[in-house]
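First subunit A sits with subunit B, and in the next complex the same chain sits with subunit C.
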Partner chain A sequence: MSSAPLLKVDNLTTHFHTSRGDVQAVRGVSFDVKPGEILGIVGESGSGKSITCLSVLGLLKANGEVVDGSADFEGKQLTGLSDKDLRAIRGDDIAMIFQDPMTSLNPTLTVGEQLIETIVAHKPVSRGEARKRALELFELVKIPSAASRLDNYPHEFSGGMRQRVMIAMALTCDPKLLIADEPTTALDVTIQRQILLLLKDLQEKLGMAIILITHDLGVIAEVADRILVMYGGMVMETGDVYDVFESPQHPYTTGLLDSIPDVRSHKKERLTPIPGSPPDMLRPPEGCPFAPRCPHAMQQCLEAMPPLFERPNAKPTVHEARCWLHHDDAPDSLKAIFKAPEAANG
Partner chain B sequence: MMALTLFLIITLTFFLMHAIPGGPFTSEKMLAPEIEAALNAKYGLDKPIWQQYLSYLQGILTFDLGPSFKYPGVRVNDLIREGLPVTAQTGFLAMLCVVALGIPLGIVAALNQNKWQDTTIMAVATMGVAIPSYVLATIALYLFALQWNLVPTFGLDDWRGYILPVAALSGFWLSFIARLSRSSLLEVLGQDYMVTARAKGLHPQTILFKHGMRNALIPIVTVLGPVVANLLTGSFVIEQIFALPGIGRHFVLSISNRDYTTIMGITIFYAAFLMLMILIVDLLYMVLDPRIKLAEKS
Partner chain C sequence: MDKQTHMNEDEILMRVRDLKKHFQVSAGFFGQNPKFLKAVDGVDLDIRRGETLGLVGESGCGKSTLARTLIRLYSPTDGVIEFNGTDLAKLKEKELTPHRRDIQMIFQDPYASLNGRMNVRDLIAEPLEIAGIGDDKSRTARVHELLEVVGLNKDHANRFPHEFSGGQRQRIGIARAIALNPQLVICDEAISALDVSIQAQVVNMLEDLQKELGLTYLFITHDLSMVKHISDRIGVMYLGKLVEIAPNNALYDDPKHPYTRALLASIPIADPVEARKDNQDQMQGEIPSPIDMPSGCRFRTRCPLATDLCAVEEPELKELADNHKVACHYAE
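Showing the complex of A and B:
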């Protein structure tokens, strides 16, 4: 906690109103992002990770609503802000890039125009100046022969290049925070790495903070400083990336780590999936959302929602996990699973 | 390509038309056989059909559509020239209604999806698509012209005369375009690039028109070409009902009269017009959608 947080999300709760009832997509999520850090948010599809970020920027679909909680950006409340005020922040101080660069760019406008309109919307500059800035950005994200590419349409770019265009577009106004929603998921594996390294490189060069949303723990391990593990619309575990990978404090995180195939292992091993499927967010369980799939679930886990327990001897970064096994009353035999992280990974 | 299409249309129509029993000078009033033979000889109808076909083609090449068989001394070119202003005027006004009302109504419905504006517009539009224009025209004529005397029953003497024909003519396509605009825009609104546009902090109007409508217009423009042609052909019936002196009325009459040259002339005119409209749409398409390029360019 060396500096004041850039973004402070507190008890954020988002519902989608549907004909079948309210889908409780995000249920009381709290976290903060410090200036210049990379926060990785992991979770499987439907865990609420993307919706959390869309809620912060007020980009929910018409039937989505932030019903409780707040998001505070540099002391300014984002939740409940008028669309006009939010517009001034979107694309300026907080920018966002999306999963599929194939569909996230407008097919009928040149990429140059899509950059220029963003610059002109936020800065008092002429179109000529905006074009110069767009060219600089293309060079910054390493698009080859940038000058001639500005007048191309999205379909004239490859997937990786389109994602570079998206990144350039997000950087138009030197954002303090970049939200990257699964930026590498739709790309080839070789391109994924290039884009990740580009993001990491840009983050160091420009000093912005990044929220990196992904379901790929490998991506997090590569670039993130801190990690937020989400499940069933809630934060399950949060902490420094090394702490969480070395000694996960939640059975769900352990499960996620165990399901990564180990290419260095010479033994023929089957993948270890987590059995079961995520909860129905129309009627989420009263207790821990992971309890029905958890190998260590106790009666209490099904009945009551566990709070976040802080790991006592963690480093400066807080390491918390939402699991009843950390309660003093939990049986020592079960607590043991967290005490020997190396063994758990073996 | 277009010339070939036109040639095929001419050929098909020519032989199909001649396949219909009877001829221009067959009627209930039996003409004396000598007179009928003389008339046939005058218009070349006594020659073998392939000769008639060749001489007709020859005429087409010089833009001569031949003499009308039913109106002595009148040439088909003149029939079209006289009727076109009326047909074009009503057609243009109807087209204006379709575009200037249909698209905005579709936008309003899409932006208020499932609210009262949407349900109302769509209910009316569904009726507009379902009810044939001649039924609408007849009912409107009865109510507004006969019962309430608000508009004249026939003719285009002042602006009030245009109201019913234009409304009847545009009703179907106006409803059709409103429905199409709504569904097209709704689809575009759900696209990822619309979220991107919002995430960039653009003004809602910029997002709607520059990003939304530009993409939503592509399927609408596809339909508009044939719509223009359809408004003109749709006027066949409407011109008949409102007794307007347009081309459409001549066309309907010419078929029952077996007025060969008039049938041919108007068919060719409409075919050429439709092709021109499709060409314009294709060109517009390229402006709207950069993914579509002329074959030679790529």
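Showing the complex of A and C:
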């Protein structure tokens, strides 16, 4: 997995200017996406996970601004690119799908027409050829009786089928990167699983990379190769999915995993919530954004921002966590709360 | 566990029999052959005093319509809703008033269900006012008390809903729901809109309130992990019918209906090793329209076990094990 990154995000910092001051939505986020991998970004509302991706694509609302950092796609700088150049990249190389497919489809046109329109806009083909391609795409995303479904209107599709239509549309130009923002959140679990398996299947078949944004650790566990845990506009932990779930190295990650009831357990145990609520990003805490809710917080955590510390990893991917407990000077009793990955995978 | 020691297991708080709620969706040609959406289509259900009964199913299965019919937000098309010995289904709007305070509901979106122009004091005092309980001063005292109970404090009383986070707003909704000391609280996707770390806070609080106030919960959700945690028994709905109902561990260890098996197989498990195991029970297709229902067993169009029998005969809900009822010809 040492191939050059497809997308390289470096120190990305995004603010929203409001009447009450600047909301610091994204604060120095750096990560890579390699060709053909699935990167899962997990975080709660307000963690900055969606804004990070919208910043990369230049899709921020008018009051949003990338104030620092850069995003590099195959050597091309995306930040600072003109709208026109960005639009070309968005259509061809990077595609995006959202939570609610209904709002992204035109209710007055059949889905076939919308798909054909997209194809013709991007490729020098006739409408007839475009229709053939549309049919192929429908079959690729496994829409049953694809040929007749092309002539249906969006409201004639269920939520799950609509999301398949959106995926087909995103695939028109064979993108190298698909950004999927909560693509299954509005769907039933049964349909969610079908869509996730479809995405995994497409990634394998087409060799396309996927950034999967979600609040659900279960979704990440199901399909992602690598995980980025975000909180307070920052990356708190990152690593191979197996490493991070087996031996989480940040108290926030541990807290998230502990908040979910274990469906395999027979005993009725009390849940362990994370106390308090997420920080106000108008005035984020000076130190670690999680410190005010962290059961292990030290004085240091409230005063200074911890860097990302490299952690032992069982898989080849680097495992990092932004927590002062990994500093050499932290008390051993507190360090002991983290499980070592060797033991977990041994 | 300790809940059951001081609870008479057999005491039924609400007995639902053959409950139906059909919505007419088209008048038909000159009034002939009108079409109906059979959202709830013959549900039998007992809710026992002090228990948490979970209700799960895909969207469109009728679980929310069932809840809304139970509290008579909708008038039932047919059937019996016996609550404390009175059939609510037969009562007229006016006759319902004395019963309303005993059944309360907590909704999914606390932002939409709280009037943004009212402060927290007035929001929580409103049900007391409508029920004609106390005077202004005693109601304010009760509001302060309720705020403490749900983990807020009296300083919050003069603020407005938009000043609170989602989790705090849901606490306000809960304070409002328990203000009249109800017997039954229906939670309709009450935690679904909350962040994971906050969900656990609210669920713990609901469990504490149940112990302290002796509440009975009907807990409706699509979150199959949370419903197992919070419920004593769980009912599974499909296209307007109950297809299986059992104590929580029995349902998850030994699901007898093929639909329940498929549903449980799609739970996203936060463990990559478990989550990536191949699962035989993977659900096929999507839920059919409740307007053009399949004949016989409603699940047969997606069922791996379906035979000719399933197309002609609708299976009845039968007790196959202790407290474990299933509606499938081939369940054993």
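Definition applied: the second predicted complex is superposed on the first by the 333 of 346 C-alpha atoms of A that agree within 3 Å, B and C clash if a C-alpha of one lies under 4 Å from a C-alpha of the other, contacts with A are read in each partner's own complex, and residues count from 1 in each chain.
Basically, a residue touches a chain if its C-beta (ideal position, glycine included) is under 8 Å from a C-beta of that chain, and two chains touch if they have at least 3 such contacts.
What you see is a predicted model, and the numbers here were worked out from it, not measured in a lab.
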When subunit B and subunit C are modelled together on subunit A, clash or fit: fit
Which of subunit B and subunit C A:S45 touches, first, second, both or neither: second
First, second, both or neither for A:H215, with subunit B first and subunit C second: second
In the superposition, subunit B vs subunit C on subunit A residues touched: C
First (subunit B), second (subunit C), both or neither touched by A:M161: second
Following superposition on chain A: angle at subunit A, subunit B versus subunit C, Cα, nearest 10°: 70
Which of subunit B and subunit C A:S104 touches, first, second, both or neither: first
First (subunit B), second (subunit C), both or neither touched by A:V241: second
Where subunit B and subunit C come nearest after superposition, their Cα distance in Å: 9
Set intersection of subunit A contacts, subunit C complex versus subunit B complex: none
Residue ranges of subunit B in contact with subunit A within the complex: 191-193, 195-204, 206, 210-211, 214-215, 218, 288-291
Subunit C residues within the subunit A interface of the complex: 1, 58-59, 165-168, 195-201, 203-204, 207, 222, 224-226, 228-229, 249, 252, 262-263, 265-276, 282-283, 286-287
Residue ranges of subunit A in contact with subunit B within the complex: 57, 59, 83, 86-92, 95-96, 98, 100, 103-110, 117-118, 121-122, 153, 155, 166, 169
Touching residues on subunit A, where the partner in the complex is subunit C: 44-45, 158-161, 188-194, 215-222, 241-242, 245, 255-257, 259-264, 266, 268, 270-275, 277-278
